[in-house]
Each structure stands twice: as structure tokens, then as C-alpha cells.
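What follows is a pair of complexes built around subunit A, which joins subunit B in one and subunit C in the other.
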Partner chain A sequence: MSEPTGGETAPSPAPIVNDSTTTSGTPAQPETAAPPPAPPSKDAKTTEAAAGPTKLSAAELKKQKQAEKQARRAQAKSSGPPAPQKGPSNKEGAKSQKESKQSSKDDKSKSLPMRRRNSQPSVVTLKETKKESRKESKKDSRQPGLFFGHLYNQPRQHSIVGATKEVHPAILALGLQYSSYIVCGSTARMVAMLLAFKAVIDSYQTPVGTSLARHLTSHHLSPQIDYLRSCRPLSISMGNAIRWLKDIIIKIDPSTPEAEAKRDLISEIDDFIRDRVTAADKLIIDHAVKKIENGDVILTYASSSIVEKTLVHTHKAGIKFSVIVVDSKPLFEGKQLARKLAHHGIPVKYFLVTGATHAVKQANKVFLGAHAMMSNGRLYSRVGTAIISMLAHAQSLPVIVLCESVKFTERVALDSIVGNEVAPSEEVLSEGERQELLPLKPHLPAGLLTKLGESTDKAGVEKANSSGEVLKWIEASDNLQMLQVLYDVTPAEYINMVITEYGSLPPSSVPVVHRLSMDKQETRK
Partner chain B sequence: MSQGTVIVAPGLSSFLKSLKTTPVEPSVEHFISLLKRRQIRNSRPCAIATTALLLRVVGEFKGRDAAKLVKRIREVGRQLTSAQPREVVVGNIVRRVLGLVREVVDENIDGETNATSDPGHPAPAQHDSLHRPLLTSSISQYSPLKHAAAEPMDASFQSEATSDSGDISKRPPLLASHTSYAASAGTGLTQSLFGIFSQPETPSASNTPTGQQSPIGKGMLTSLNLERLTDFSKSNTNFDLKAEVMDGIRELQDELEQSDDLIAANALDHIHSNEIILTHTASTSVQKFLLAAARKRKFTVVHAETFPHDHTATHGILLTGKKRENSTVDEADWKPLIAAGIEVYVIPDSHVYAIMSRVNKVILATHTVLANGGLVAAAGAHMIAKAAKNHQVPVVVVSGVYKLSPVYPFDLDELIEYGDASSVVPYEDGDFVDKVDVEAPLFDYVPADLVDLYITNLGGHAPSFLYRIVADHYRPEDITL
Partner chain C sequence: MDLRTPTTEKTSFPAFDIVSTYRTILASDPDLTMPVAAIEALVEAIANSTVNTVAETLDLLTYHTEILKSSIPNPISLSAGTDLFQRYLVTTLNRPASLNLGPEDDFRAIRNHLLSNGRLFVERAKASREKIASFGKHFIRDGATVLTNGGSRVVGALLRRAADSSTMRFKVIYVTSPEDCSDAQGGNKIVADLRAHNVPVATIPDSAVAYSLGKVDMVIVGAEGVVENGGIISRLGTYQMGLLAKSKGKPFYVVAESHKFVRLYPLSQFDLPIDQKVLDFKVAEDVKKPNAEKLTEDEGVADLNTFTTTHLRAADAVDFTPPDLISGIITESGVLTPSAVSEELIKIWF
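Right, the complex of A and B next:
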């Protein structure tokens, strides 16, 4: 099923998805994909033995069939609007989720060997489980996160335990990759999602009595999307892609035979990836390469696959330049970028964001990737990008954003607070940092200590010297909290140029191009 | 040296301990090696160690020749500053002590020559008022501010200055020695400021020795000082130079000890209820400042953790109120902000811009304050200040006067120290370290225009006024050690 792309035009999934093969997944800002083995496509297939009906393992096949049967039955029974059917199943899911949380702590840790990447190793999963459940119970009493309170809706899903039965194995795998930042970066996430959807569509069978156009979106695709969302909030590009996909599904003529419709859909997805990502990237790189001259010092922040490709491409074109990568905790995405660029023989300097001032002084051009471009011309990107662009702007360095038009959105944003994605706060402190804090224990304020004493009593046998200890201190102290979000919004005035597949534009032209690309989509169909 | 007996990791406390038993020369060597190994670092420990050492140096000094004493201190000072030029505070303290010696000498000369010198004499007054600004400008000759503040307020402050002379013991000595020529430019203003801010405090709000001077004994502050020093040592033998200087150094120590509390006394003027305050790195001054405000008001603190160099200390200070588990001797027990009921949010440094739109005030800790009003602070300070400026959020810098340096930053890169790159990328990652150039600056230079207010133990100052305080605390002769 998903092989079609492989042959023609060196296109879509392969290059994008593979581009970070060098190291075990860490990744990246707006883009950069995945873990060593091309994640979504192959992973989905191999690890989960998923997808294509031909390749399914017996057990999974059964499971899947069951799921489908159940869905069909449920639908047949309710035969009403989708809502009632969806409700119960969701609740069921939630219940099972809760149950499993109580009962199967070990399960969880087992099911999730590589929950988070190495750069930020986390505490034993067991502890986290506990924490999560405790957090839930505490939620009302303790308003989390100052400004970002409105964003703490639900604890992030880090396992497949609570997933509803409809969720396709390929999606389950992808969800885990999302929540552990193995697939990271908005383009990579979108492409991975579309590839997984291909598997989903391929294994889909329209239940009797409905048409594919009616049933697929609301009953089969939305649980998948819900699951992905519970793993990590959808990126803007993903939102755009989902909207597009729903659109073409609805437009399928009900009279088309199911097999044909599915084939059409799959090839549409391939086309979409090819047009909006692969080809677009090529065009953007062609534009961007012209902006780099001999002797330039290019500064970039965190990691963007399109920036990386541009730099590598320029290097291969024989232009001599050097790169400064500025990075920040806790994801350290720039480390991978720096590693890859250095591997290609480009001179690379590496700074953390605290040294940004010094880094910007040495640079003469700034290239940034994007998570999204807002319609008011602002750039929504990895948190810290705004600092870099501000400093660069103050030094009158050109700030150039590389962004496919699929990441444009009609949404607007004024600051980084109203719309953002919060990340689990325990990621702020890495294992090593917690370790360093351990000797402080005897100096903790008395109130906190007594409280801790209670909680450890409650928790029972807890090793005092584990690094998870520190997290408990922080949690137990009412007034201390860690705060972490993933994105920030860069004002349009700091951005000199946005390079898209349509050409180079000022940030003010973003809404125009967005509309243009939407129109094009419409007319193409 | 006495490390043989002391098993503590070398640092400030072990140095202070050994100082009591070790002769001066080895102590100087010891301190130099500690500085070089960065086992004593950051402004406050350096300042404490330097004053303690100089106290010993003066104490062991044989002879009554002031010029020789100056020479001796200078020599030690040179050794220390060349050991670690970026700990500017060491140089500051040395200069302060040198100024102290000259002060003591001046007073005694004047005591003698008092009969001949007419306090109301116009000529010295004029000489003085012309001369002082010139001196300061030699510190900061490129400061755009030099002309602005130098001339205007001449006679307007005269009355105030004279009325002030009642509480002369509370005034820094340099100013005190001005009072008879009250017309001198700028003095009045400084005095009134000092008056305002030092009144409610303990007498040591003034920072250099004050006890010895008689209200009548006045001196000229001129470059004649050096000649006078030699003259003086020949002519005058019946006062105890050493004791007075040592008294002065002890007062300097008091100042170091109390500066945080004096700074904190201003807190309520600057922090209101329900404010959101952003700060960074681990600084006792800032923490005490916030704590002082926390006693009366509820506010929220957002703390950038200053990765990779200070984050451990930051988390430590937030959790326990101490930077490290072995807190230095001078730090009395005080509780962390969280125990005082203040909500603290720790953010990674990259979040500064995102959060800034909700922040009411930025409070920065500093490493060194420079004569032009700029400051050298922990890495990340510049981007915080810049983001604050772009959001029109006031930036307040909290710093003891001892961090105020007469050095003008001609070459900014000289002031920036680079730290251990392995805290950014561990050396285990050999592949990466081999190929990629990792830089980890420890400090940022924050230009004066990004700072709205300095709060020192003398009170609040505009950045443009700092050069004046520099002039009050350092003798121009000592600017170059």
C-alpha cells in the first residue's frame, strides 16, 4: 500500500522522514524527523506489523476486526447521530485509562521503554505514573502554571494503555513517537501522520449501510486523531492536513466503489505530501541557497529540517560559510543539527541560549525554521526563537524564515501565552541536574520536610537517594513550580523575509499566500 | 598554609580560616591560587576574601610610612588582580583600601595644617569644583554623561549641604571633606541622596571610615596627595596610621556584610502587591531583596534558571535559600522565598521572551557594575534586559556598592569570562566535542540604556549617575593599580 511513492520522483515520505537517520531520535524543531528507522512509514509497518491487511499478524488482525465489528455493531444499534455512540466509547476509554493507572504501573513502564529521549532522561516511569495520578487528584486544589493555566487541559498520554479500540496500531505507534519527541517538528509530524493515515485508510472497511464518505471521517478517522491529540496537541500543519483530508473524503462520490475510493485517497495523500512538502522544500531550498554567500556566518536556533537541508545543500554547492547553532534545554534539538552539519564538514559553533548575545554578535545572517506562520505575520516557533530574532534585529542582521505554505494558518496570535503547548514540567530538570540537587536535602525548609516525610510515608518504600526525589520536593512545595512551554511567538517586525515555495515575501504577505494556497487546493479538486 | 589541618574543600571559608594562622606572604599566594583555580569566585566571596587579606597585610605592615603602605597594598593588589582580572571586585576593594590610607593621611595632615588653611577660602573651593569633574572624566572619558551631571547644581545645594553637616558621621568621608567648600559641584546632590538613604539605616550606611575625622578638619582632594604622603610621613609621627586604616577596613567589612540588608530595605519601595517579578541566576542580594518585600506583600516570582552554569545554584537557592550545600560562613540562615509564601515559577532561559509580556518588573543580579552604568552579569542577562526593554518592562539592578567598579569597558570581550564547555556538552560526547566548537560564556555585558534603575546599599540611582558614585568611592590616583 504505501510503497507507491518509493519509486517515482524521489519524493515524499522517504527523504523527509529519513533525514535524521544519523542519530537515535532527537530532533527537531519545525521539522526534522524521526528516529533511526524511518519512523512513521516503516515503523508503522514493521514494529506494529500493522496496516496492510496482507501483512497483519493474526492476533492483530483479530483485534482489529473485533474493533471494527464493535464499531459496526455500536453504530447499528444506535443508528442515530454519531454523538451518542462516541460518548460511551470515550467514557469507556477514560475508565479503562483510570483503571490501568491504578493497577498497572508496571505495565506502563514496560510498555514504554524509551519514553523520552536520552538528552533528558526522565525518572523511572513508575514514579511518573504516580505523579500523574496524583496530579489529577490534586488538580482542583492547585492551579497549575501561572499564565498557562488555561493550557493544562489533560495530562499527556504517554502510553497506549488508555487508547480506545478503534485506534489503529500504526497510529498507536505514532502517538508514542509524538509524546516522546521521537517524531518532532511540525512537518515531520504532519508527514508521519499522513503516512499513518494511509495505513488506516488502507485497512478500513466501510460497514454495511453507510458510505465511505460519510463514515470514514467521523467514525474511523476521528478516534485516531483524538488519540494523537492526547499524545501531543496537534501541530498547525497537522490541523491543516486533517482539514484537507476530511475535505477530500467528503467530496468522494458515494457511488465510487470502496476499493477505488481508498486507492484514490491514498494517492491523494501521496500527492499532497509530494506537492506541499517534498517539492515545496526543494523550491524553498533553491531560494534560500541564493541568500548564502561565501564567508557568511549563519545563525540558526534549535533545529529545523528545512534549514538543515538548505545549509547542507549550500555546502555541497561549494560555498564556504560557517554555522552557529543556538540551542536550549530541555530538548537540545540543536545538538543533533550541529552534529549533522559538522558531519558534513561545515564549521559549526554551538551555543546555549544564555550565550545568545555572544552568538548573535558573531553571526551575519539568521535562518529560522517555523512551526507555523500566523496570519498577522508572526512566527510561531520553538520557544526561544523570539529571543534570537530580537537580538538579531537589534544588530540589524537579516532574519530569514524558511517555511512551507502548509504551515501557514489563518489563526493570529499576539503573544506566546494565549495559544501555546505546555510540556510536562518534570522535563525541565534532567536526571543529572536532579542528581546535583540531592545534597540539598537537609537544608530544605522545615515545612517542606515534614510534608515530604508524610508523603514518603504514604508512598511507602521509596529510596531516598533517587533523583526522582527532587521532583517530589518541587511538587510538595506549594509555591514552587516548573513551567515549560514549547513555542513562542516572534513579532513580525523582527522578521525580514519568509521564504516559501511561492517565493520570498515579507511577513505581512503571509495571509495572502495562505489564501492563495487554499484557493489552489480548492481548484485542484 | 594550613590546609594540612583543614579538610574542607578549598574555598572562601577554608581561606578565611587559614588566614588567621598563616603569615601574610603565603596567604597572598594562597588567595592567588584560589582565584586562579576559581575556587573562590563571584563577587561577594572575592570581596570578603580580599578585605580579610588586606586587613592582614596592613596589620603586618611594619613602619609608619604611608607611602610605603600604599606601595605595599598596591603591590598585593596588582598580584591579585593579575591572578584573576575578571573578578573586578578584587581590584575595587584594593582601591577602596588605598583610598582609605590616603583618607587617613589627609585628615591628619589637615589636622596639622588646619591653622593655616582657611575653611571658607574661595580658591580651594574653586579648584575643587573644577578639579573633581575632571577626575571623574578620566575614568569615563567616553561617557556621554560626563558633561550633563558635572556643572549645573552649584549654589542651590549649598544650604542643604551646610544643614547636613550636623550628621557628618553618617556621610561618606570624601563628601565630608567637601563640606567646607559646599559650593562644589555635585556634592550637594550626593549628600542629599546619601542623606535620604542612609538616615534610616545604621551608621555604616556610609562606607568608609568616618570615626576619625573631626568635623572641622578638612582636606583638599588633589593629586598633591602623593607628595603629601611622603611629606607627611617625615613630618608627622604621632598618630597610628595602621590602626586607623585597619579600622577603616573593618568598616569596609561591615559594609560588605550589611549591603544586602541595606539594599533589601528599599524593597518595599519597588515591589507592589500582585506584581510578577522576573529574575535570573542565584543571587543572595536579589533573594534577600525579594524576601524583604515578601514580608509585607504577596507577589509572584518568575525565575529563569540560567542554564548551564548557575542552574544548580538557582534551584538550590529556590528550594533551600542556599546556593550550595556548604554555604559560606557569612550566610546566616534565612528561608527561601517559597517558604515565605511567595509563588515561584522556574522557567528555562528560552522562555524569557514568551513570558515577558506578563512581567511587571525585571530584577537582575550582577557580577560587576561599571562606571558607565553598564553591568556585567550572568549570561542571559542581556537577552532578559533586552526583552524587557522591548516590552517596556522596567529593569532594576540590585548590587552592592562594592561591585561598582571604576573601570570603563573599553573592550567588552575582556570582561567576559568563558566557562567550562563540558557543562554544555559533556566530554563523553567525543564525536560532538571534536567537531563542533562549543562556547559557554559565563557573563553578559548589559549596556546602560537597558537598565532603568540601580539599587545599591546607598539607595536607588539612575545608571547615568553611577559615575558620580564611582568618583566618591575611589581616588583617581588609584584607578590604575
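Right, the complex of A and C next:
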């Protein structure tokens, strides 16, 4: 969906300025190896050298250099298209000085896996370099995301361009569905991934001279996983499922014939889906239905498949209750839920999160879905969930979380900042909203207009009312940026009950059940 | 289930009166708690039956449990015992090896083992009260004032044990139950007993709890059942004591044997699986003509000791104290935080 927009943004202001001023084709990166093509660049080099020792330790410098080297190599490989180069413009000394400093800082944060989701692919693919370089050029002017800056390091791929050849077609398709939110929701993503892995395993052939147990995970499955991760960061449940799958692959006896091993694996995957999702959902629904009584007003936030199933099931059991769906940007998943519930004949009210205080006053129970349950009993779920649970707690409404134990993780979360996912800024403003903003163009600050200058002159004629332009305004402005995180963390004290397939628990028992379900997995094998 | 039940239909069970057995057991031993009495009654039922397969035993058990639960007005406490026993049977019967019996041994051996173990459990349950008392007495410091309520025997045992130790002087403020309440007698007995042990006791009505709280150092209450989230189900009035104690920052301890842990997760006062008539809204007309009801009500009071009423009387109502009000739960297996209760329950059930 956004690849076209990506293409549009490619000739965005910063790179264009770059193009017009670069005298040599090489990136004017302030690096020691490249011969200084022009005096200003030397300037940049010296400033970099001056800034270096004070800012970076030797190890960091080394890492930075390595990253640069890798990037160069990748660029050399792709020497064909004159992709927008990273690196500061060397037009004005002062500007380049500032920028080079900043880009070096960015480099540092890139090469150090400080707060990132673990293990980004270390091999820089062609596509990623391009993306990164584009991002760099964007970052040159400002630090994105305030304290959410680290989240912008997660790559985001919206096309199959640049995917390595090992990636299976089923995975390619799935990746696109992930990145465009067609397959959305922690459980759905996990199940879809496992089903795609079935196809991957089915078409897998062990190369001569190695065994399936040794080869499949590291050489065949990891590129698939890396690709999926590049489309959208993996969910906790997906991580759990991958860990489980790797575990059973490792445990395959090397003497097992390949066909048999593959068959076993596929049936194991089926069993996993059945045990941990299908059957678990059934049990959870059975538990949860008992908690809904005649006359209840159930409040739910966004959309969770398990909450939906529970409500529909309760309705079919003949219990009279009504539902309030609270919803919010950017995905408006609640609309779907409200529509589906209304179709079943359940009375539904639909609120946006701005009206949550009113919604909470009318409700008497809160049912929430989960992306993950952390080991400190905190709930990691769609952004906005925390507001709802806190409001409900203030009104002393019981907050009930429905969550399969496959979404439990041994990790803990203290805030919503360290681990989260950001939606690209083009997803924050909907098409309609961008259209509405277009007439404001004459009111844009003069500085911004001159910065946009070239592109607006050119593009102004042909597509004056293209909605993509609004995004360019935001991108180019120094003191405005869009931030949309997708998840937040609800502290355990705002949750009264977690219903899992093992029964109902207080949030403090999440680690116990997690340990238990892991043990069960172990003993089953 | 369906596969194995055809031969054992409900009507085929011998006419063993589980309910009266339960009541006689409960009446015969004043020290017995409801869950233990229920387990004892179920052991009795198995002993009196002619079952000779595992499936039959379980069916018999389910059948009697259902009868028992439906004929007792407040089966929460009781169900802790029956559930525990059932769980124990299922795990031991499905793994005969754990009893050091081979699969070739006949069922009689298993059954004998069960019966003897069931009795052992009852013995242990009785002993646990003393153990709790010995754990719990350390919570009472010299010179402390303890606020307590209800006729809980385990609280009584704890206070008595503390009074017995000569080094400790403490006072007790006792919240008395209304006269028509079934545990009023138990309460009076404990008060008399404590006074006999030279412990100064002040008795106050429910309404004076907040007033007295300034003089109180700690609150100790008993419980009918400890639920999965670590809250307790107890005599009406416990919840407000918990709320008040929390608001004044007084520690609130619960003493309960671990066989009172119930697999139940109430979300609020009105989420309990029993039908309580505490809130009875009336207008003037309703008040005028309660004669018909009055009669049955009186009958209920008259038959109090035999528990023939299936409706819970308002005076015997219970409430639910949520876990955030509880500082600690003193059991025979140690002092637990409320959140540890669910861990204990998970251990039993998985």
C-alpha cells in the first residue's frame, strides 16, 4: 500500500537538495577512507574527527565504521540506480557540520542493538540500505520520535522487492498481508505464520551432506522469519511459536527419513494450533461466558477475536446484554467488531476513545483482548487499552483480560516505551484527513515552503491536490512530526482477572502459568 | 463420560443419604469444618457403596456431591472440600502406580487405600488448626489490641494459643454477631473462653468498628473460603472491616486452613454462586403483608441447627473481601500473600 508513497517520497526535499549539490557521485560521508572530493567535505571530516573522540568510544567508532563499510559494499553492489544517497549535503559548511554529527549519532544507534527488538538481520540487504539511507536523510534534520526514537530503527517493508530468493512465496504473500494489516491481531498472525511454515516445510528439501534438523532452522527458516520481521515486528505469540518450532526441529532424530520428518513436523504444527489456539479459545470462552449475566453492559476496546467469540457465544446462549465498543486511531478495528456484533443482534454502542469516560460510566464490566501478557502481570495490548482499564478501575468496574497462554511471555515490561511498535506516519493520517488538510497549504510557514520549494514547483502543477503531499509537509518541517505507537502496557493493578485456558487467574499468576505451560510442552515431547 | 455411564445410572445408586450423613458428622464434632465434614461424608458414601470400578467411583462421587451442594444453603465452603477430594481421587485413580499398586491389583485394594487415606486427610485437617495457631501467634505482639469477628474456630484457637503463652499480654476487641446469626453462640463461647484465660475482651456491634479502629493494632478474621484471586468469603461484615482497616492502615490477616481454598473467582459481592437475600427492596404495601413469609422464616430459625432451609437466611449471609485489602493469609502450610493462593490452587489442579 505504501510502496507507491515510498516511491513518491523518494524525491523528497532533502535528497533533492543533495542531488543538486553533490559534485561527485560518491556519498559525501565524512569517512577517512574516501578521498575528500571537495574542500567543504574536508571540513566535515575535521569536525567529525573533532567531535568523534569526545562523543564515541573506540569500540563504538569501530562499529560505526563497520556499519559504514557494509553500507558502502551494499551500495557498490547496487551501483545501478542512483538511489538517494545518505550523508549530509556539503553545500554549507555549518549545515554539513551539524548534520554529520547527527548522522554519526544515528549510525551509532543503528549499529548498537541497544533497545531494539532482538536480532535485526545483520546482513544489510540492498533494500534495507535504500530504506535506511532514505530514513537517514529524513533523520538528518531532526531526531525522530522523541524518546520513541529507538523504535524507528525497526525496518518496515511494504513490498517483496529485495526479498532474498530463499523466501517462500507463501511467506512473501503473508508478509504483505502483515504490513498492510490485512492479517492483524496477535493470534491470527501467529496462526497464519504457522500455516505458511507448513507450506515452507512441505516444499523443503534437505541439501546433500546435511541433515534436516541441522539445516532447516538456520538456513531455510531464518530467512523466512527475517523477511516477516522486516514486514512488521514479530508478535510475542509468533516469537513463542517460532521458539517452539525450532525446538521440535532440533529434536528430530537425524536418522529419520526426510519425508517422515516433514510429515511429523506438519502434524505437530497442526496439533500446536489445535491445542494452543482452537481448544484454548473454546475453554476461555466457556470460562468467560459464565462471567456475563443478564442485563450486563460489557465494554471492550478495539477488536479482539476472542472477545468477539465470547460475546457472540453468550448472545447465542440466550443471555441479554449489550456491548460498548470503544475504538481509536489508527486502525479502527472496533468498527469491524461493532458491525459484526450488531449483525448478530447484540445491542452495540460505538465510542471513540475521546468519549471513554462516558462509555465507562455506562458499562459494568470490561473485557479486553491481549497482544501479550508480561511476566510481571502487565498487559501489552493495542494502544489505548491502558486508558480504558484505568478509567474502569477508577469506577471499580472489573477488568477481565482474555488471553491464550501462548501469548504469555517471560519478559517483563515496565513502560510502553522500551518495547513497542510505531506505525509509519502515512498510516496516522487517513486519506480523507490528508485531503482535508490540503487547502491549508497557503498557511504553511515560509521556511517550509522554500524547503519544499523545488518539489512543489514541479509537482504543484501536475498534482496540486495529491494527498501524499501533506505527508511531505510533515516530513520536511523541523518541529512537527507524527508519532503513532501501536501498543501500550497496562499495569497489573488495573486488571482484576485474566482468563486463560487454564482457568481464571489474577495477573500475578501469569508467570506461574507460563512456566507450567512451558513444562507441559517439554513433557509432551 | 457417556461411554462409561450407561451402566451406572443415577437411580442405580443405593439409597445412601449423603445429606443427613453430612449433618450428623458436622453435629457430632464441633471442631469439624464444613469442607472436612463433606469429605468425611463422601468417604462414608464410598465405604457404604458397592462400587468396583474407577469410573463408578467417580460417578458416585459426582452424584453425591451434586446432592450435597444443592441441599445446603451456602455450599461455597463445602465445595472446597468436595472439589479437593474429587481432584485427589482423579489423580490417584488415574495413576495407580503412585499408590504402589500394580495395574493387576484388584480395585478393592485401591478402594481400601482411598478410604484409609480419606480418613487420614480428615485427621490432618483437624491437626492443621493447631499448626495455624502456632504460626499465627507470632503475629500478635506484646501489648497489641486485636480486632476480630465471627465465630471462627481457628481464630479462637489462635487467640487461645497466644493467651497461653505467658509472655504475651494482649487485648481483644470482638465484633459480635447479631443474636439470630448461627455463629453467635460460637462467638460467645470464644469470648468467654478468652476471658477465662485472662485476656481482656471488649465486645462491640458491627456499627462500632470504625469507632474502635483507632485503638486497634491488627485485624484477624477467619474465612469460609479462600478464593482464587486471594480474596476471602466470610461472614457478612468482614468486607467492611477490611475496607476500614485498609483506610486506617491496619494490617488485616486471614486465618484459614488450606482445604478452604475454593476454585472460585468472584469479581464482586454479587458474583457469588449463592442466592443471598441481603438486599430486599420493599414499598409500604410489601411491608404490610409479609405474614405468609414470616411463618416460613420462623420455621427457618427454629430448624437452624439442622439446616433444613435451602434458602440462605439474611443473617447468615456472607460477603467477599477482595485480595487488595488482605495483608496475609495464615495457613498450615505457611503465611501466604493473597497472590500466592492462586499459585497454590494451580499446583493442586494441574
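Definition applied: the second predicted complex is superposed on the first by the 375 of 525 C-alpha atoms of A that agree within 3 Å, B and C clash if a C-alpha of one lies under 4 Å from a C-alpha of the other, contacts with A are read in each partner's own complex, and residues count from 1 in each chain.
Please note the rule applied: a residue touches a chain if its C-beta (ideal position, glycine included) is under 8 Å from a C-beta of that chain, and two chains touch if they have at least 3 such contacts.
Keep in mind the model is a prediction, meaning the values are calculated, not measured.
When the two structures are aligned on the shared chain, A:P347 is found in touch with subunit B, with no touch to subunit C.
When the shared chain is aligned, subunit B comes close enough to touch A:K335, but subunit C does not. Shared-chain residue A:L516: touches subunit C; no touch with subunit B. In the superposition on chain A, A:I248 makes contact with neither subunit B nor subunit C.
In the superposition on chain A, contact is made by A:L444 with subunit B only, not with subunit C. Legend: residue contacts after superposition of the two complexes on their common chain; A:A213 is shown touching neither subunit B nor subunit C. Counting the residues of subunit A that each partner touches, subunit B and subunit C differ, and the larger count belongs to B.
When both complexes are overlaid on chain A, the residue A:G384 reaches subunit B alone and has no touch with subunit C.
Within the superposed three-chain model, A:I319 lies out of touch with both subunit B and subunit C [touch as defined at top].
Those residues of subunit B that touch subunit A in the shared complex are 276, 300, 302, 305-309, 311-312, 315-316, 318-322, 325, 327, 335-339, 341-355, 357-358, 378-380, 382-383, 386-387, 390, 416, 424-425, 431-432, 435-441, 444.
Considering their complex, residues 228-230, 263, 265, 267-268, 271, 323-324, 338-339, 342-343, 346, 349-350 of subunit C touch subunit A.
The touching residues of subunit A, counted against subunit C in their complex, run 291, 365, 398, 400, 493, 496-497, 502-506, 508-509, 512-513, 516. Residues 145-147, 325, 328-330, 335, 338-339, 342-343, 347-359, 382-384, 386-387, 390-391, 394, 415-417, 420, 428-429, 433, 436-437, 439-440, 442-445, 447-448, 473-474, 477-485, 487-489 of subunit A are the ones that touch subunit B when the two sit in their complex.
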